[in-house]
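The two complexes that follow have chain A in common; it is paired with chain B in the first and with chain C in the second.
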Partner chain A sequence: MSAFTNLAEDDFLDLFFTNVAFPNVGDAAGLPPSVGANNLHASLHVSDGVSDTSTLQTDSEVAYTGYGRVAVARSVSGWTVASGTVDNDSLMQFGEMTAGGPDTITDVGLGFATSGAGVLQIWGQVALDLVVNDGVNPQFAAGALDVSIN
Partner chain B sequence: MIVSEEARAARKDSQLARLAAKADEEVDYPTFYANQPLQQAKAKLNDQIRQGRVLERQAHKDMEVARATGINIEVAEAAVRDAAAAIAGLRAIKQQRFKRGVSASVTGGES
Partner chain C sequence: MQVGASDDQDMVEIILDDLRPRITYQSALEIEQNLRVACKHAARYDRAPAYFWRDVNMEDLNDCPKPHRGFRRSMLVPNVSSWEIKANPPLVALFFDGIGREMDYELGIKLHQMIRRAGRRAKAWGGDTSGNVRMLGNLTNAEDDYRLGLG
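The block that comes next holds the complex of A and B.
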């Protein structure tokens, strides 16, 4: 089995989550940051409806009244990359459910579209399913959403 | 899930120091990275696993000889089991300390 080195993992996560160049790829300067850093947008999904074959962020995405994706700046102020893992720096709170539920959240997604299909870039199962009823805002506490390369 | 304030602050400090080294043309970034304490800890563990696999391969060779000669078969089998257990233990430590994948804990909050 082979894999990216720890150094390459951190460098990739730097580029993807914080828009910091990935050096030493091709040449010393490597892969440059995007001209527009944009935000990462977190989404919630139900019914175990996303997997590594998913491509659209709307796949099994919740649609309760009050829901919207949560934007996190693609920058060092939004994410911490260390030791091959990236996690969110601040509370990520979704809109309050006012109708349309209950929903059972099974997965989280990350992409770059504020809404609509976009492209699902990252997905993961939540540690424990969350049943959302009216009056509840699903949320990830600071540091509660971790992503690493495997 | 990394929710301890201290742990998160330490990770942020580590990130900022690493990014400063990456941006500093005077710093050999790969060498800086390799010398980070956690990287050294991982490297040490990987070395232990590699050494364990060398011992395991040797134990299998010894067992083949033992079976061929009929001498010390039980001792050789025990050595194979011990070597496999040692590697399994080290891999479990590696998995526990350096987990991979996505970890997400969603909770219900109030506005």
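The block that comes next holds the complex of A and C.
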């Protein structure tokens, strides 16, 4: 039997979300942060169309006119890690729909591509499906995108 | 209002005044995240900062026994079959089999921590060392938020 310790869980989340080194893996410096921190790009998905087997961020991704993925800096100014949880530090606002709907948003994804297929890294559900019609501008308020390890 | 949560072998019992729903640890760990997200949403209406919930003492999470060697299941069974969490700002509500109780978001965030701690303890009792990553978002319409003065 084995498990990541609480400390290791936070260290993993730190490395993934804030590009802070995962210390003491291999040596004291551990797994280093990536040279280019880049951004995490949030995407919106419909039809419960993403799952653990999804690989492309375009899987069931909305494509309404006005939509674009939201970039969040992969740094401590973009995300806060604490006690096995992560949430976004600032407002994440997607574009306003001007045509192409309605869409019912069921899921949210995170990857590293600004647009296009990319690679879907993490996915999750939205607490309440949001129906997007013309004039609707989906957003996650600060703290509203919540990741947890249990 | 009396709230709490305790682990009983691989189950979690939640205290909501006179209600005593008993649920699996898997459900408990889902509920704690849903409750946290609902509380954060409710807190926006009170103009509380987004990080208010981190003031809750999460250190209790280290109060967890070593996982049992090998999976095991108790003979206990849940006494409810469904749950739902609603944000009715500045309140949050927990429903079990359609019967619920409302509380303010500050109490809700304390309860979420109690449920999380109990869920992790029950998971350890069951010998489950898996690590599950869950992401949950509260997606809202910017126009609605603006009308409500939420920014």
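The working rule: the second predicted complex is superposed on the first by the 147 of 150 C-alpha atoms of A that agree within 3 Å, B and C clash if a C-alpha of one lies under 4 Å from a C-alpha of the other, contacts with A are read in each partner's own complex, and residues count from 1 in each chain.
By definition in this document, contacts are C-beta pairs under 8 Å (C-beta built on N, C-alpha and C of every residue); 3 or more make two chains touch, one makes a residue touch a chain.
In this text the structure is predicted, and so the values were computed from the model without any measurement.
After superposition onto chain A, the partners chain B and chain C occupy overlapping space and clash. Of the two partner chains, chain B and chain C are each touched by A:149. In the superposition on chain A, contact of A:82 is made with both chain B and chain C.
Shared-chain residue A:126: touches chain B and chain C both. In the superposition on chain A, A:141 contacts both chain B and chain C. When the two complexes are overlaid on their common chain A, residue A:49 makes contact with neither chain B nor chain C. With both structures placed on the common chain, the touch criterion links A:10 to chain B but leaves chain C unconnected. In the superposition on chain A, A:100 makes contact with neither chain B nor chain C.
Among the options 25-33, 43-51 or 61-69, the segment of chain B that ends up inside chain C in the superposed model is 43-51. Shared contact residues of chain A with chain B and chain C: 6, 44, 80, 82-85, 87, 89, 93, 96, 105, 108, 122-128, 130, 132, 135-150. Chain C makes touch with chain A in their complex at residues 29, 32-34, 36-38, 40-41, 44, 50-51, 53-54, 58, 61-62, 67-70, 116, 119-120, 123, 127, 129, 131-143, 145, 150-151. Taken in their complex, chain B has these residues touching chain A: 1-4, 7-8, 11-12, 14-16, 18-19, 22, 29-30, 33-34, 38-39, 42, 98-111. If you check the complex, the residues on chain A that touch chain C are 1-4, 6, 9, 44, 80, 82-85, 87, 89, 91, 93, 96, 105, 108, 110, 122-128, 130, 132, 135-150.
Within the complex formed with chain B, the residues of chain A that make contact are 6-7, 10-11, 14, 20-21, 23-24, 44, 76, 80-85, 87, 89, 93, 96, 105, 108, 122-128, 130, 132, 135-150.
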